[in-house]
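Labels run A, B, C, D and E following the written order; every chain starts at residue 1.
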Amino acid sequence: MTDALFLVLSALAVWSGWRVFRVDSMVRASFQLLVSFIAVGLIAVLLAAPYIGIATVFMMAVEMMVMALFMVMFMMNPAGLNPMSMVHQHRFAAITGGTAFAGLVAAVLLSDLPANPVPPEAEAVRDLGRELLGPSMLIFETAGVTLLATMIGAVVLSARSGRYGESDAGSVPPGLTPGGAPAGRRPAQGGGHHDHHWGH
Amino acid sequence: MIAATLYLLLALPPLVWAAAVFDRIGTGRGALLAGPLRNGAALLLRPVAPTEAPDRLNRLLAPGWYLALALVGLSVVPLAPGLVASDLSTGLVLWGACEALTVVVVFLHGWSPNAPFPLLGAYRYVAIALPAMLLSMFVLIGAALPAQSLSVGAVVEAQREVWNLVRQPLGLPLFMALGLALTLRGPFDYAGGAELAGGTSAEESGPALAAWRLARAAMLVAFSAMAATAFLGGYLGPVLPGPLWLLLKTLAVMAATVAAGRFFARMPPARMLTLLWVVLLPLSFANLALVGIEVLP
Amino acid sequence: MTITGGIEMTLVSVLIVAAALIGIGLYGALSQQSFVMLMMGLELMLNGAILAIVGFWAFSLGGAPEGQLLAIIVMAVMAVEMAVGFALVVAVYRKRQADMTESLTELRH
Amino acid sequence: MTEIAMPLVLVLLAVAFAWGLQRLGPEAGATWPHRAPFLGGGVPQTHAWQRWHARYYPMTLLFIAFEMEMMFMYPWAVVYIETGTKALAEMGMFLGILSVGILYGWREGVFRWQ
Amino acid sequence: MSLLASLARGAEIPVFAAIGAGGLAPVETLRRRPGLRLVDTPRHARVLLVAGEVDAAHATALERLHAQLARPRATVWWRAPRLFDRGEIADGDDPTGAIRRAAETDEPDQRPDLPPHPWEGIGPHGQGGMGMMGGTPYGRPMAMTAEDIRDGLALDAYRARFGPFLPMLPPGLALDLTLQGDVIVAAGVAAPPYPQGAESDAPGPCAARMLRLMGIGPRAARARGALAALPRGSGMRRRLAAWVDGARVDETPRPLPDALPGRDWTGAALWLASFAPSRLRAACLKPEAA
């Protein structure tokens, strides 16, 4: 039963992972990736990690939702109404991907993997909690600071108003002396290449 | 496990019908009990309207996914001690995953017809539903604290002494905000609404519309059962058998949710977004801190 | 166990699935022109990484909690990568109306 | 392992049911005027699918960073009582740090429509 | 199937109302009539109810609406001259009988079955497009980027004629809008709202219309709370408060092409609903007269 479920879920994970790069619609691509994540999450539940598995599902659901928003926002032809190819260096990429797969499989098959399975009475979530609040407390709090830095960085980068004015207008810092040249490096001129990428 | 699933599947149709009846109360159009059935039957006999170049597969599947999420969400609710359809040790997280996937499904429902109003509704909904989901997770973690477990069964058992409603009075109202968002109604109905001519379902007709409304009602049932379990002690109660208590509490939460949906006005989305992050989210922090201090020995 | 044709859920089979995901992700990351699609490739590789970590945790580490913690950290890395990556996309697009990796290389003045 | 088998069965059941329901109605006459999107009699010049300007995009970035903290909170909730005050303090600190991010975002107008 | 059919016989008839001159107040009386249900989109409707006189200039729009009802479909002309040769006519105060009779019939399309642009077989894949953004795939061109007025991200602009029969806009008002996301970046008035009777300017119906957009019923107690949902300091809150108190609002809005850009769709719909129909009509007519 477990093995059959594992087989189905693995096939689903790999197939939908592959479809991500084969569909024209960006929304479909994002949610195809979500399907792959869900399948992996469910495999994790099979592997006696019920927390990591289910949490992957909910984390990835929102992340892929956001991914879809941005994909639609910034990709031409986001729904794939015109068939398109967004691929470059296809051969090189395919060979590299294939090689990576072959190499990893060889490494897995050739190396002697230690066998020390999870004891059936283990309480995965409780152990994780103890670890978080005990030995790995620093990791936990560092993660907090990292996430804060991410938030601030993301807001600064994406907001229109730069520190010294609107970012698309240059956001030039004031001079060091009154009326002097702006401090720091001057942003290059010439944004707004409007049509240069429509002709594919 | 299989028995619990069968009970759920048996109980769902009447509860869905009850949800439709609740929605009809107070609209002043009579035929309270039969009205929803008749209108549903009429919808099933109408054709599904195609649109220009839609995403056919996702359009067809969206109501099914929505219903599926309602069912899976419902399946973590224990009907009696030990009687639960999916006995996961992290049931609360699974419920959270259902919430998160609901946002995806509603977005897909609005995206797939390739039409302006559904698209507007879908995007507006995502903006509001994402932070609303955050609220519910904090509130549910508050419910998990006294239980020292993420299993829904343990959350119920931890309420033998006192219901979570008493421990965290803010919990149920905040959770209800999420319920309104999940079931697309009232102040959180950003997927639909009169100013979008129905929003994500503006282009749906016939059985597709019926399936979507059915799934929405099923989601109300699932949400209410979860709220009753997490805050009102689930199957716990004197005299009557456990499942009956759960049923009564579920019906009560359903009625309260429908009423709340009618009572509060929908804000422009930007205003609601600020309210969620700046008022409701800190409230849920406060709620969590309150429970935290209470349950410490 | 006959319905699966002899395939069982072992560490080796889990790791092979993870390797397949990583391989596909690598292909995607290298072959896509657009920055957001490139991020999809990265995410898929991290997906494989999560699977491999959980597999090791389940079969080789005897359930040591550090394994789970590592999986969480990978997910945090994903979240950070996405947030900063998209913020960069917005900033670049605002300046250039471009979302392609090739246009990004032009930014080096 | 059966604990995820049942949800999967329910998913299949629900999707099949909703699919079947939508096959019940008669076939629609799919003429072009019938398929045009509803705009109250008006017509759109283009397809509705477009590079959609989601006006709340900075909020979503803040959101995915903030949402990550849920990953830490669930295990925290399980061991909260046995760890005691220390757990309260640590999570308070963690949430406090992240709340600074929300306040900063608020000040920068992240929750407004861009 | 026969069980479904017999069950469906007692169902309410979903009606989409296309409101013409003087039709606003009469349609309001239908909202609580048993056996009927007013719906917001023709996709949900069985019957198209044309209430009040509709300009011949809007005949094409009406035919498009008619085509969007799923078949079987029917038309009822209520206090309105026919613009096309189909459907029942109702003249009295109560069109219910005519609607019931119409709901037994089916009408063919008024519009020719042609895609908006030719596309089939055009282009390398036969989907009507060339390259990534060119052509008219599936009969329509794709949206193209345009400058934005708020955050400077030049993403796609959606240009369309909204109205004249949109339920959330005043009846007859047709707007040529350019939207980026849900924010209006440019607006033009293609047709002013229809004249409505004086009773449509009364505080009660005006408040009810606005509250319906906010998803709640017209009870006064709820209406008070609804004020908090509107942004503080906005004229909308002041006007709704006046209506709830039973006072008339005689403000005339700024010309719509100046006032609408920069508002999101929800805000724009609420803003339009916060003016009395006659004042809104005056604001749309003034620039034309000048």
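Definition applied: a contact is a pair of C-beta atoms (placed from the backbone, for glycine too) under 8 Å apart; a residue touches a chain by one contact, two chains touch by 3 or more.
As the structure is a computational prediction, the values presented were derived from the model and not from experiment.
Under the touch definition stated at the top, subunit C and subunit E share these contacting partners: A, D.
Among the remaining chains, those touching subunit C and also subunit D are A, E.
Top-ranked chain pair, ordered by C-beta pairs in contact, is A-C. If you average the CA atoms of subunit A and of subunit C, the two centres end up 6 Å from each other.
Subunit E has its Cα centroid 30 Å from the Cα centroid of subunit B.
Separating the CA-averaged centres of subunit A and subunit E is a span of 41 Å. Looking at subunit D, one finds that residues 2-4, 28-29, 32, 34, 36, 38-40, 44, 47-55, 57, 60-68, 70-72, 74, 77-80, 102, 105, 113-114 touch two or more other chains.
In subunit A, 2, 45-46, 50-51, 55, 58-59, 62-63, 66, 69-70, 73-76, 79, 81, 125, 128, 130, 132, 143, 147, 150-151, 154-156, 158, 160, 167-168, 192, 194 are the positions where the chain touches two or more neighbouring chains simultaneously. Residue positions of subunit E with contacts to 2 or more other chains are 41, 43, 68, 70-71, 137-140, 142, 145, 151-155, 158, 160, 166-167, 181-182, 264.
Checking each pair of chains for touch leaves A-B, A-C, A-D, A-E, B-D, B-E, C-D, C-E, D-E. Contact residues on subunit D toward subunit B in their complex (touch as defined above): 2-4, 6-7, 9-11, 13-19, 21-30, 32, 34-40, 44, 47-49, 52, 54-56, 59-60, 63, 66-67, 70, 73-74, 77-82, 84-85, 88, 91-92, 95, 99, 102, 105-106, 111-113. For subunit E in complex with subunit D, the touching residues are 18, 41-43, 58, 60-65, 67-68, 70-71, 109, 111-116, 137-145, 148, 150-151, 153, 155-156, 158-167, 169, 174, 180-183, 264.
Subunit A meets subunit E in the complex at residues 73, 76-77, 81-84, 160, 166-168, 192, 194, 198-200. For subunit A in complex with subunit B, the residues that touch the partner chain are 25, 27-28, 31, 34, 45, 50-51, 54-55, 57-58, 61-62, 64-66, 68-69, 79, 81, 125. By the touch criterion given at the top, residues 1, 5, 44-53, 60-61, 63-68, 70-72, 75, 85-90, 92-94, 96, 111, 113-117, 119, 123, 126-127, 130-131, 134, 137-138, 141, 144-146, 148-150, 197, 202-203, 206-208, 210-211, 214-215, 269-270, 273-274, 277-278, 281-282, 285, 289, 292-293, 295-297 of subunit B touch subunit D in their complex.
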